[in-house]
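Here come two complexes built around subunit A, the first alongside subunit B, the second alongside subunit C.
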Partner chain A sequence: MTTGIELRDLRKRYEGHGGAGSWAVDGVDMQIGRGQFVTLLGPSGCGKTTTLRMIAGFEVPTSGQILRDGVDITDQPVTDREMRMVFQDFALFPNMTVAENVAFGLKTRRMKGRFGAAEMRRRVGEYLDLVHLGTHADKRPHQLSGGQKQRVSLARALITDPDVVLFDEPLGSLDAHLRKVMQIELIRLHRELNKTFIYVTHDQDEAMAMSDAIAVMNGGKVQQFGTPREIYDRPTSRYVAGFIGHAHIVEASVVESGASGLSVRLGNGEVVRLDAPASLQRGEAVGLMLRAEDLSLAKPGDGELHGKVSDSLYRGEYIEYVVDLKGGAGTVHVHEPTHAAPFAHGDDVALKVNPAKAHVVGGA
Partner chain B sequence: MRAFGNRPFVLSLASLVLFFLYAPLLVIVVFSFNDSSYTGLPFNGFTLHWYADLLSNRQIMGSIWNSVYVAVGVVILSVVFGLPAAIALDRYEFPGKGIFRRIVMLPIVLPGIITGVALLSFYLTLNLKLSLHTIMLGQGTALMCITITEVFARLQQMGKSQTEAAVNLGANDWEVFRHVTLPGVRSSLFGAMLISFSISFDEIAVTFLLTGRENTLPMTLWSLLRREVTPEVNAAATLIIAVSVVLIVIGMYASRGKGAAGSEGR
Partner chain C sequence: MLLWLLPPVAWFSVFILVPYAMLFWYSLGHTEDMRFVPGLSLANFARVFTDEPYLGVILKSARIGLMTAILSAIVAWPLAFVIAFHTRSASVKFALYLLVIVPWWASYLVKAYAWKTILGTNGILNATLQGLGFTDEPVRLFLYNEFSVVLTLTYIFTPFAVLSIYAQLERIPTSLVEAAKNLGAGGWEIFWRIVLPISVPGIIAGGIITFSLAFGDFVAPVLVGGSDSVMISNIVINLLGVAFDWPMAAAIGLVIITLGLGLISLTGWLEEKTKVRL
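The block that comes next holds the complex of A and B.
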């Protein structure tokens, strides 16, 4: 993996009124390989968009460096970076047709002479076909649906063949169904075009489904940078565990830790065994991450944890039970297949924990 | 939607408002065709005599052209200085920006006579000779804020992502202006030009103080009216009403175009 974009201790401070400033981005280090699909994921205000805009050149970093293929581009103007951005509000030019919008990047002065009129027409047609809009070339943006507008904006960004494409919540203003369709479209484009995609979203499903790697951000910092699987299965902090997949975290302390696995004791005295090797101090306080799909319900005595069903929610694909653990040790959610024998509110149940998937996160 | 309220009351109120608004205009139009040298009843018969008189009245015709000349100059001044000012307000940070934004409306919020006195003493200090050009300069200074506020509001509504997209696609400043900014503000700019033109055309307070030897139409009509309401004045007024209606219709078509552009911005 050759390094495409590298961020070194990137920081951005916004000055507020009366000198009260705040760090929107507070020391981001990241290496993004060429051709990777990397997502910056986090809640609003976490610094993900500011980071993207610094990569694009729209914001000037307060300190730190941005490198591209090893060359410092921190002070390079936007127009010289030749990275293309796809905006949440599409940012189409309303006075131009779809074809003119797509051709815009080929017609600017810096592109002058690179493409003849016939070549330009052919290319516009090719990229409109790429996003399935071949028949809409002469329409105006206001005649298109939201999904179509974003496809135009994609074609406009891709037509100049940039190495790096930046996405600022591009599906944010589309409805749920269209988002799914566009996700598949984006994955296809990434696979076919072999470009670096840097993608900003607050939607974790979107991030998980599309990315080679995800940077989970909060408070201007990268909390964890890894593959979707690493982030989901082995979060390194309570924040990431809680943000991704809505895991529930139960307070526990280490009983035994070693190469063969780990056992932790909950507040109510019950003990859970995990397969993952660990080297933690006996008695150390940890958070036990329990995801709904890693738990199953059983009759009392048939599992390592016990509790009482407080709610059951029929979700169609599965039934979601809310279980209060014995002795007030915590609350967890459990997904059970709809064909399993149902439990009701107030039932005493046992919980089996999948030892391969349960995970602990450090510190209190 | 179902009508509500006392229908006869609403109707009569509306009719009264329309009557007081338009009846005076109608009276002027009617009497401009009346074959009598007094403005008043009885209606003696239809004539275009007063229009012929008007066309041969060198004082009135001259001042109409003066007014058009001044108004066109005012529009040019407003666009040349107002458009860049609006773009600067929207896009750039500069010292005093906040203050500039707040006081930009001052020249038309202030009573015209104050603006006029201020401009007059300023020009006299600079030893500028009063002429149509000082009127142009004075009105242009005062009316520029219409262009600034109209265009600035449109720019704010457009947001910055179109501009950023253009820059991102390699456009230089001129290309951004030519392909994004100008098409985006075109309809508000055109509207501001129409408003500036029509305000300039009938402006008296500032004009009165800055006039040199040549008069604009409102000044001429005013001095004529101090003697009596002549039918020629009615004819001039009727022509101006006709031109205004045409301008309003053009303005409405332009703002309809703006509606379509606005819906794309959503």
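The block that comes next holds the complex of A and C.
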């Protein structure tokens, strides 16, 4: 028996007018181990929120199964699931104080008798302290800032001690600074509480920073499921390579492939060597993924690729060069430290590729 | 710039200030041989509270108004709830909304009269009851009493309650209900602890409107009310048109207006207190 949440060929179809319809979720298989922090990442409309809402029980799957610790919960009503959700709009009850909001989950009919009044008060205090809101217990939600509201929502979700906590873009309505603060807060809570966190976001930085594993979704399907490092360094598809870290993909064909590494030739005849072992057919078309931080600029002749600087953008931490590769083979971006800025618009340059980091993705 | 102020000031003066001043002027006088005699006496106001039937009828009108307000709220709430929460399609929502308003396209009199044909001894209700064998002879309890007045007024004014409750319910985000379910709350708990409390200002707002309209009504008591169902507006009409006692009518009018203003301030305050910021 597997512990945690398992999704088996989960699908959800929304019917439109006149028989038109679309698959919001189109066959998702996933294993989320107990205590893991898993993020469903993708652009809007990719099916990530629908998947989360099916796990929560708000949406009924068209087909497929949801299992929890090996038990099928596909048809279990929302109220019985005891998975708590943190909503993007916080969903705090406006007619209750902060403390009453937090206590809500303890006071439902099904919880009756499980907690005495004193125990309840102690617990509410404890969870308000956990999210640093101990002094705001008697305020109303509208008197709180966005970040504070989300902390109340968190305390309300955590107080009943659920195994699984679901997050639907919880930081989406906060400003950039607050998002960073809350990310650290969420990582801390996950570490301290040892609960399964299933998190939905379209923000890849958020996903990379917090998750044990990321499911990159698109078109209702999981494109890749892996650790942030796997997804970033070894994307299995052009979609994932392009979505994560905005890698640039240059068309190439395999020259040589084996246990000791891989060589590919670009459209302009230049050849790049990669360290990663591969078993690809000679002549097979691949996409060469080149990330800005894996490239460096040099004088013509000092690198394996050549091109012309078409733009340079000062980014503060680094200078971003946009380089058009020789012979129209493609465009790449290169990050260079700001102290060395020897190149300007129109300069001919060479590019060195870090063979340990460059990566190919299959198919044309 | 001052030109912009002219229309509102003119409106306010001609239609509010001057009429009320006149009303007050009339209320201070008295009549001799059905002719108005100016004066500066508060005797008419004293009579409102001492002479029968004035105070009694005002209280009865208030009771009818209150019952109408309560009944309207009870009828309106579930309807508003269904329109706000259980109607997914926008066109169905619009259709239901329209059905609530549509009766207002028909004349008030027609609607009040319709109840006569429903509740009367030869009415639809009695015909149905006799047809089904529940009773041998027509039941006279349905018509010409306070019950029929309240029923008719409830029917006529419920749309106002529906609209104000709906306006409040519609503002509740679905995520609140989802959050409550997610936290393990059942349907009744969500109703009692979240949806109903948040809708209270809408219930109060609808209540003020239905109460005021029902309190001042004079058609329903005439058409479906019994001989004892006279309401305060009927008395005022009689004073004006039959007895030609305009000073007394003016005094009653002013007392009612003052009571009304007091009530509106009180409920306005209540509404503010129960308001939740969504």
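To be clear about the criterion, the second predicted complex is superposed on the first by the 360 of 364 C-alpha atoms of A that agree within 3 Å, B and C clash if a C-alpha of one lies under 4 Å from a C-alpha of the other, contacts with A are read in each partner's own complex, and residues count from 1 in each chain.
FYI, contacts are C-beta pairs under 8 Å (C-beta built on N, C-alpha and C of every residue); 3 or more make two chains touch, one makes a residue touch a chain.
Keep in mind the model is a prediction, meaning the values are calculated, not measured.
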Fit or clash - subunit C, subunit B, common subunit A: clash
First (subunit B), second (subunit C), both or neither touched by A:Glu230: neither
First, second, both or neither for A:Arg110, with subunit B first and subunit C second: both
Which of subunit B and subunit C A:Glu284 touches, first, second, both or neither: neither
First, second, both or neither for A:Thr79, with subunit B first and subunit C second: both
Contacts of A:Ala91 with subunit B and subunit C, given as first, second, both or neither: both
Which superposed partner A:Arg156 touches (first subunit B, second subunit C, both, neither): both
Overlapping contact positions on subunit A, where the subunit C interface meets the subunit B interface: 56, 58, 78-79, 82-85, 87, 89, 91-95, 104-105, 108-111, 140-142, 156-157, 160
Complex interface listing, subunit C residues touching subunit A: 173, 175-176, 178-186, 189, 193-194, 197-198, 276-278
Partner subunit A, residues of subunit B touching it in the complex: 159, 161-162, 164-172, 175, 179-180, 183-184, 260-261, 263-265
Residues of subunit A defined as touching subunit B within the complex: 56, 58, 78-79, 82-85, 87, 89, 91-96, 104-105, 108-111, 140-142, 153, 156-157, 160
List of subunit A residues in touch with subunit C within their complex: 56, 58, 78-85, 87, 89, 91-95, 104-105, 108-111, 140-142, 156-157, 160
